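First comes the structure, then the notes that go with it.
Letters A, B and C name the chains as they come in the text, with residue numbers starting at 1 for each one.
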Amino acid sequence: MSLLDITDLEAGYGQMSILKGVNMSLEAGEIGVIVGPNGAGKSTTLKAIFGMLNITGGAIRFDGNDITGMRSEKLAEHRIAFVPQENNVFASLSVHENLEMGAYVRRDDFSDVLDHVYEIFPPLKEKRDQPAGELSGGQRQMVAFGRALMIEPKLILLDEPTAGLSPMFMSQIFDRVIAINKTGVTVAMVEQNAKQALAIAHKGFVLAGGQNSYTDSGQNLLNNPEVARSFLGG
Amino acid sequence: MNEFVFFLNKGLTSGLIIGSIYALGAIGVTLIFGILRFAHFAHGDMMTLGAFVTLILTAVLAAMGIVLPLPLAFVAMFPAMIITAVLAIGLDRVFYKPLRQAGAKPVILVMASVGVTLMLQGLIRLFAGVRSRNMFVEAPKEIFQIPFPGASRKLVITEPQVLLILFTIIAVIALHWFLTRSRLGKAMRAVSDNPDLAKITGINTNHVVWATWIIGGSLACAAGTLLSMDVTLKPDLSFNILLPIFAATIVGGIGQPYGAIAGGFLVGFCESLAVFNWAILLRPFKDDLWFEIPRNMALVPTEYKLMVPFLILIIVLIYRPTGIFKGRVL
Amino acid sequence: MSGQNQYSVMRDITLFAGLGVLILIIFLTQGSVYSLRMLVEAGCYAILALGLTIQWGYAGLFNVGVMGFIAAGAASSMLITFPRNPEFWNSAGPELVAVFIVKLIACGVLVWLANISNRWGIGGKLRALFIAVAIAVAYLVLSDHMSEMSTQIEKASGWMGGLGLPVAVGWIVAGIVAGVIAWFVGKICLGLRADYLAIATLGIAQIIKHFLKNADWLTHGTLSVSPLPWPVPKPADGEFLLARASYLSIVAIAIVIIYLLLQRAYHAPWGRMMRAIRDNENASASMGKNVNGRRLEIFVLGCILMGFGGAMLIHFTSIYDPSGFIDLNHTFLVWVMVILGGSGNNRGAIFGAVLVYIIWVMSEPLALTLFEFIGTYGKAWFDWDPPSDLNSRALQMRVFVIGLAITLVLRFAPQGVLPEKQARH
């Protein structure tokens, strides 16, 4: 059985429906990348998984449990973490406090996870007492990742992690994603930079108009001339 | 020197006293503003309510014949703070929470709080009447007169004033400790900073809301009680105290507890210094001055004291609406 | 929008017919003279409610200072229409006032110049200094002159007295003064979030009342001024019926004119834009609409109506007394009228005003009777000694009920009894 299973998901904001039947499944330990044109419902899919909008049809199963429409607060307890695209740090809290907040749902000792996060993001250790809002864009992204890792998630949802970053940072971010994945975390990621993202993906999902148009392994999608023509810009 | 002591008594002490009251009130308002996102118009009446709870407990203690080294009202204030905090959570559950859950706009909550303030006002006056009351049920308040070197006039400070200043200092330190060291306190700052992310992170919003009302309600009770101990308990405090407290909140930056404290003292000092008659300080030098000292040199006549917080509010809103401590950008 | 709260003509007709029957019953049981007074006052409140409903219903502006605008309007109208005070005009007073006005204008220009000094390339810090100095100078000059002026006038003639102009002029000036105050408040607060406007209007109302209570030289302070002139012949020899009926007809004409103008504006492009802004501020702003400008217009317009209606109300009672302006009666009662009647619906505001005012007036004797009853039986059955101020406490019940009404309507009937008609274009 897959770790994440989405079947015929329909969802939207208020009465406006955006997702019209999205299917997706990820095995434990995989990287899944969602690509597609603007307005295809990529970010909306992540938000729907994370209980942030009205689900009108279909089902989401995670690790054997039905989590359809479960509230965001609860999902952290199921060890699903979400890194939004914007405003993804507590700007007035220090880096350290941001990480502590990430572990809010944990009642056990999480000092080893904290050490681990500082280990993979060394700059954060240096700036642990600075307000997160004063960091550079790339470092803020690290804080956001680190915060999400604090619950030792089984699944991490990333909404366009490279948006607004320079190309240099972009490859760094992808390296981090691979590193995080190597520790056994399943990743579901929405990306604009489809080529680079699909290159590291086990599975790719091409969405258009709120529906899957292609689902295959990342490599196959990259090699698929039709996908390349219509979605990857030649 | 006498003139200087007079200035300390009338200008500085009264600024410190009223500033502490405003600060205690504004902490609650700014936390509610930051976390629940609306201006809580019922805060003034919550102060009155807290003072009345204290008064009732004090009367009970006095009737039991208990004698303590501290004023009974001050001792009764602590259980009263707990009661007021519980009442505040109750008010939230009945009047604000349903609106919040229905996704009402903040302005609807502001309106609901206006409704709540009228209800509290009506109930308090219905049961307690409209006359002012003395919080010192058992014995008159103590007044300390401290001799000041080189002056025949003495420095005057009353027992409730000392208690108020001590309480404010301890409350501020405790609040600082709570907000920076405890898990719940940090969660409060997180919710105030970025409510959406707080939800994603799994922070339990209910706990944060409770903590907000507990702090806001208990400090409102303390402020109401200590103010009533310093002067008398007046049931018509409500809107008159609301304006300086809102001014302090906005000056300090919304959602910024330290800003609220600073704002409270700023407004308090401005008020007492604006109505202070500066001519008195100049009188000793009257022979050396080239002009005749007018009888009254107060910047603002006492009857227009309310203008001071309003003007501060207006100036801040025009030139720096995020407050001097950079509150949330609205 | 839930189905049962949709606009329906039947509901409109039923509710207004019910209101008519209620008024008829009052006429039959309480006599025409009493009922006419009630209707005139209810009519004045309807104008206030119209002013508030356009602010709240069309633009979502939360104004908690209705009382201040009423007070400002009433005081201006009193000053315009009250007979002249010859002692004042024969003293040095007029000259002092004229100089004050000149100084006021000069100070205004000074502050304005400091404010726009950045247009001549003056940097932030220097501009802040200029502004601070300008405000300080303006304040010192004005407050100095004001204290001088007030002492002199109070000594020479007690107070300024009025100008003795016709009542219609007074009412129009009342609207203008309220509108000017609203313009300043709105200009400062409307770019910020809604809560700030609420706080600022609450403040300005307290300040206006405070000022009027203390400005003995200008408005006779708390000594109150009476009798205020009427636009129609005053009741002579106890002939109340005709006088009140003619006053009522003037109020009614004013309501009809205001109502028709507002309806026109509502359906005009201006009204459509207003509602677009209210329903989706961001979308309207991104379409290049001047959101704050539109809001300022509606805020000023609403406050003009409040000043106007307030003047009408106070002239009818014939006595101007600044202590009589109370948040409860003049702000929150109007709020209950608006949200109960249905915000954004002019007919709803009129309906709410008349109904709530009738209930309000009736509630006073009701509360007193109830408490007398409680007092009597409390003594008889439980040997409970009612406090001596039972009557004044009984009236506090109404404060509670107003508050309860606001919270209940918000929660259970957020659209009021006459919901906004969803206009289709």
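Everything that follows uses one rule, which is that a contact is a pair of C-beta atoms (placed from the backbone, for glycine too) under 8 Å apart; a residue touches a chain by one contact, two chains touch by 3 or more.
Predicted, not measured: the structure shown is a model, and the values here were computed from it.
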Chain occupying the most central position, where position means C-alpha average: B
Furthest chain, CA centroid comparison against subunit B: A
Intercentroid distance (Cα basis), subunit C paired with subunit A, Å: 54
Distance between chain centroids, defined by C-alpha means - subunit B, subunit C (Å): 30
Distance from subunit B to subunit A - Cα centre to Cα centre, in angstrom: 45
Of all residues in subunit C, the ones touching two or more other chains: none
Partner subunit B, residues of subunit C touching it in the complex: 60, 62, 64, 128, 131, 135, 139, 143, 147, 188-189, 192-196, 198-200, 202-204, 206-207, 210-211, 214, 327-328, 332, 335, 339, 387, 389, 392-394, 396-407, 410-411, 414
Residues of subunit B that touch subunit A when the two form their complex: 183, 186-187, 189-190, 193-194, 196-205
Complex contact set, residues of subunit A against subunit B: 50, 72-77, 82, 84, 87-93, 97, 100-102, 104-105, 147, 151
Touching residues (chain side subunit B, partner subunit C) in the complex: 33, 38-39, 41, 95, 98-99, 104-108, 110-112, 114-123, 125-127, 129-131, 239-240, 242-243, 246, 250, 299-301, 303-304, 306-307, 309-310, 313-315, 317-319, 321, 330
